[in-house]
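The data blocks that follow each hold one structure.
You will see subunit A twice below: alongside subunit B first, and alongside subunit C after that.
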Partner chain A sequence: MSQVKTKNLKNFSTSADRFEGSNLLCPGCAHSIIVREVLNATNDHLILGASTGCLEVCTAVYPHTSWDVSWIHIGFENGSSAIAGAEAMHKALKNKGRLKQPDLTPKFVTFGGDGATYDIGFQWISGCFERGHNMMYVCLDNEVYANTGGQRSSSTPIGASASTTPAGRISYGEKRNKKDIMAIMAAHGAPYVAQVAPNKWRDMVAKVQKGFSIEGPVFINAMSACTTEWKFAPEDTIAISDLATESLVFPLYEIIDGTKLNITYRPKNVLPVRDYLGAQGRFKHLFTKQYEYIIDEWQSRVDAKWEYLQRREDACV
Partner chain B sequence: MADIFELRDYEVWDGNMAASHALRQAQVDVVAAYPITPSTPIVENYGNFMANGYIDGEYILAESEHGAMSCCIGASAAGGRVATATSSQGFALMLETLYSASGMRLPIILNVVNRAIGAPLNVNGDHSDMYMGRDSGWIQIDCYNPQDVYDMNLLAFRVSEDHDIRLPTMVHQDGFMTSHTAQRVKTLSDDVAYNFIGEFKPMNDMLDLDHPVTHGVQTEEDWHFEHKARQHHALMSAVIPKIQEAFDELKVLSGRQYNIVESYNMNDAEVAIVCMGSSVETALEVSNELLAKGIKAGVVGIRVFRPFPLVEIADALKSCKAIATLDRSSPNGTVGALFNEIAGALFNTNTHAVLTNYIYGLGGRDLTKASLHTIYRELESNAESGNVTTPLQQFIGLRGPKLSFF
Partner chain C sequence: MIENGWNQFEIGSVLRPFSGEVSDVSVIQPEDRLYSASNSFSVSVADWRIEKPLFKKELCIDCQFCWIYCPDMSIISRDKKMIGVDYDHCKGCGICVQVCPTTPKALLMFPEQADEEIELAQWPKKETQETKEN
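Right after this comes the complex of A and B.
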C-alpha cells in the first residue's frame, strides 16, 4: 500500500488532491475537511460512493463534478451497496484477468451522512458488513438531516433543537439519546471500527490508514460539525470540534475485531460539557431555568460513557 | 476459468432452470440477488453451479431485493456483466433502484418471475409486478414457456449491453405456470451461447482507473428533461432493430423464429385475443380448435412490452373486426393497461375494430379454455354487430356474481 507521510499539516494538505475545492458545501462545513483527510491518507487509487445527502448534492451537480476519482451515487440508503457491488466487480474481473490496470489495487470507500447511516441506510450497511466486503464506510456524522433543513435523525443528541423536534414552550427539543452506532458496527465483528474528528487530524489519518491496511469492512464514524444546523459561525468549525473532543462528548477510540477497544485520545484538561453545548445555537434553550437539568444529565451521561470506555480498554475486551 | 457444462441437445427444464443456465452461459461477472418465490430456484440453481465450479464470477447474497439491485448498479457501473432475479414484493422493493439503473444507463439483466402483489399476500402468478415496471425505463421482454426464457435471457445481454442502447432488460415469465413447469428446451452449447451474446465491452467503467467517471449525478430543471429524453430516445429507436437482429441470428443458430409481435392464426382473422405470458399458448389452443370449425379466430402475443411496438401491433390487428385485450393485473380504477396500449395502437389507423377488455387470472387463478371460448364467442357477436355487445370491461373466471364496467 502506498501510504502518505503525515509529518505536518502543510505537507499533508498539499498531497494528491482528488476532491476539488470547487463544491457547493456551506462555508465552514466539516464534510469537506474530513473527505480531504480521508482521500489524502492514501496515494492509492480510489473508487468512491456516496449516499444522497449534503456531500452528494454539493459535489456532483451536472454538468460539474468535484471528483477526480471514480464516484457513484444511487440513492439515500444504498451508498454502501453501490460500493460493495463495485468491489465485487473488481474481484470478479481480477479473477477473470480482465482488469485494465491489473497491478493497481484501488481502495473502495463510501461516504454517507448520519441519516443515511444510522437511519435509512442502516440495513444496507449491515448487509455489506455481514458479507465482509473489502470496503471502508465513512459516516459524516453531523447529527441531523442537514441537507433537507435540519430534521432530527437517530444520531441527533438529546436536547438539540431540530426542525422536526424543535424546542418550544413545553419541549426541550430532541427527546431520545444518540444511537450508539460504534457498538452496533463493532457487533458485526468488523475488523476495524473507529471514531474520528477532523480537528484531530493525525489521529484521523492514522485510523484511516489502519483501515486501508485491513482486509474487510471498516467503519469510520467522523464527527462533522455543521455550521448551519448546529448554529455556530462558519469560522468556528475547528473550535467547536475541539470543544467536542476536549469535553469527551465525542470520544476518539477504535474497536478491533469487534471486541478490543483502544482509546486514542485523552484530553489533558477535560472541559465541561456545558462549554460544548453553550457554543451552539441548537442547545441555546437548555440554558434556561426550565431546561437546565438536561445539561446536568448530559454531563453525567458523558462521564458514564468515558468511564465505560476506559473499563473496556483496561479489560481488553 | 469456469468448467464447461455439457448440455444435451434437449433438456427438460422449467423456466427457472432455463434462466439459471442462460445466466451461467453468459458468464455473468456479478450476480447480486435475494431469494423470493417463485424466482428463488433461479438463484438456488446458480448457487449450485457456483458450488460445482461452473461459475467464476462473484455472487453476492444481498440482505434484500433493494440491496441486491443496489449492488447490481454498483457492479455494473464498475464495468462488467451483471444479472439478478426477483418477483412480486421483491420487485416492488427494488422499484426505486430500477429507475436508477435505467437512468444511469446500466445494462443489468433482471429475471422477473411474475407474481401477484399483496395485499392479500399471494405467491402465484399474475402480471402485477410486470405492469409496475412498465414506466421504469427498462426493456421488458415477455416469455410464454421455458424455451423462451432461455432464449430471451441470452438475447437480453446482447441487446442491453449494445453501446447504442445501454439500458437494462427485464425478462418476464409467469410464476409457477412457466417457472415451475418442466418442458423440453432445445439448448445451445456453452460456447455457441456465449458467442451469440458476445463479450462484455465496458463503457464509462469506474474501474478504468486512468479515466475517472462520476455516476449518478443530480440534474434539476436545467438538464433532467434532456437526460430523460435521451433515455427514451435510445429505448424507442435502438432497441427494436437490435432485438430483430438478434432474433434473426438466433434463427440461424437454433432454427427458432421469434417476432417483435407474435401472431398466431392471424392471416385472415376476424376476431383476436391479445394477451401475454403463458396465456398466449392457452389462447392458441382454443384458437386452433375454433379454426378447425372454420371460425377465423387468432391470437396476438406481446413479446416486447417495452419499448411497446405500436406500429407492429396495429399492423398485426388491422384486419380484425373485434379484439379482446386480456389483462392479468388488477386495473384498480380504469381499463386494463393492455387495453389502453392496444387502443392507442389502433387509434388513428383505418381499423374500426370493436375493442373490449377482460381482467383474468389474478393471484394465479387459472385461465381456462372454457373462459377463452366464451371470450371468442363474445368477440364474434361484437364482430357481427359492429358494436360492443358486452360491457367494455369484464372480469372472467371470478367467483360469485358477474363483475363488469363501462
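Right after this comes the complex of A and C.
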C-alpha cells in the first residue's frame, strides 16, 4: 500500500486530487471536503461507489463526471453492494490469475448519505458487513435527506426543523433521537468503525489510512455540515463543524473489532451545546421560552454520552 | 459520446475523465493531465460567484488551511506553497478566507467585478484584522 505523507498539512498538500471541480454541489458543501480527505489519503488505485444523494447527483451529471477514477452508481439503497460486487469480482479474478496487474492493491470505497445509510440502504450495508467484504463504507452524515429537499431521516437529531418535521406553534421539530449507527455497525463485529469530522483533518485522514490498512469491512461516519439544510452561511462550514466537535455534539472516536473503543479527540475547552445549536437556522425555534427546555435536555444527553464513551474507553470494552 | 444526448448513449458506455492513456493520476497534477470534454474539470462554474477570493501572496505563511478546506479543489498548492486560486472552479463560498489565520488575512472576499490590482494595493493593514483561531 502506498501511504500519502500526512505528517503535516504542508506534506499533505502535495497530493493530487482525483475528484474534480465544477461539480454541482452547493458552494461550501462539506461532502466535497470529506471526499477529498478520503481520496487524498492514499496513492493506491481507487474503485468508488455511491448511493443516490447530493454527492452522486451533483458529480455525475450527463455528459460529465467529476471522478478521475472508476466510479459506479446503481441506486439509492445499494452503494454498498455495488462496491462489494466489484470487490468480490476483483478477488475472484485474482484467484483465477486473470488480473493484468495482480500486484496492485486497489481500495474499494463507497459513499452514502445518512438517508442511504441509516434508513433505506441499511439492509444492504448490513449484508456487506456480515459477508466481510474488503471495503470502506463512508456515510456522509448531514442528518437529513438533503437532495430531495430536507426530509428527516433517522439521523436527524431531536429539535431540528426538517421539511417533514417542521417546527411551529405546536411542534419543536424532530422528536426522535438520532440513531446510534456507530454502535449498530460495531455490533456487526466489523474490524474498524470510526466517527470523523472534516474540520479535524488529521484525525480523519489517520482513521481513513488505518481503515485502508485493515482487511475487512470498515465503516466511517463522517459529519457533513450542510449549509442549505442546516441553514448557515456557506463560508461557515468549518466554523460550524468546529462547534460540533468542540461541544461534543459530534464526538470523535473509533471502535476496533466490534468492542474496543478509543476516544481520538478531546477538546481543550468544551463548548456548550447551545453555541452549536444557536449557529444554525434549523434550531432557531429552540431559542424561545416555549422550547428552551429542549436545549437543556440536549446538553444532558451530550454529557451522558461523553461520560458513557469515557467509561467504555477506560474499561477497554 | 459527449455529442449524444442522454437518451441516445448506448447501454454500457463509459464516460472517460481523460483522453488517452493515463498511468497514475494520484501523482499527476491537473496541469499535466489530458482532461476529456466529459470531465467536469473542462467546465467552468465561475458564473456561480457573487464574490471572489483574492490572494495577497506576501501575507501567506503556507499553512495550507485554505487548501485542505476548499470544497472545490480551487486552491492551487504546489511544492508546499499556496500559489493562487483557480477561478474556473471556485464557487466563491468564502471558506478559504474564514480559515486563513494570518493578520491581516492573505485571502479576502471581494465583489466578483472588483479589480484585483486595486484591491491588492489597498489591502487592509495589521491593526484592522483579527486573527482567527484554527
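By our rule, the second predicted complex is superposed on the first by the 313 of 317 C-alpha atoms of A that agree within 3 Å, B and C clash if a C-alpha of one lies under 4 Å from a C-alpha of the other, contacts with A are read in each partner's own complex, and residues count from 1 in each chain.
The definition used in the following text is that a residue touches a chain if its C-beta (ideal position, glycine included) is under 8 Å from a C-beta of that chain, and two chains touch if they have at least 3 such contacts.
On a predicted model such as this, the values are computed, not experimentally measured, just so you know.
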Partner chain(s) touched by A:P234 [first = subunit B, second = subunit C, both, neither]: second
Touching partner for A:P27 - first (subunit B), second (subunit C), both, neither: second
Touching partner for A:N269 - first (subunit B), second (subunit C), both, neither: neither
Touched partner set for A:I74, first subunit B, second subunit C, both or neither: first
Partner chain(s) touched by A:T65 [first = subunit B, second = subunit C, both, neither]: both
Shared subunit A surface residues [contacts with subunit B and with subunit C]: 45, 60-63, 65, 67-69
Residues on subunit A engaged by subunit B in the complex (per definition of touch): 45, 47, 49, 56-57, 60-63, 65, 67-75, 77-78, 81-93, 95-96, 98-101, 104, 106, 123-124, 126-127, 130-131
Parts of subunit A lying in touch with subunit C, wherever the complex brings them together: 9-23, 25, 27-33, 36-37, 42-45, 59-69, 198-199, 201, 233-239
Subunit A partner contacts - residues on subunit C that touch it in the complex: 1-2, 4, 6, 9, 15, 17-18, 24-30, 33, 38-45, 48, 62-65, 67-74, 77-80, 86, 88-95, 97-99, 109
Subunit A-touching residues of subunit B, taken from the complex the two chains share: 29-30, 32, 56-58, 60-64, 66-67, 70-80, 82, 96-97, 100, 104, 206-210, 212-220, 223, 227
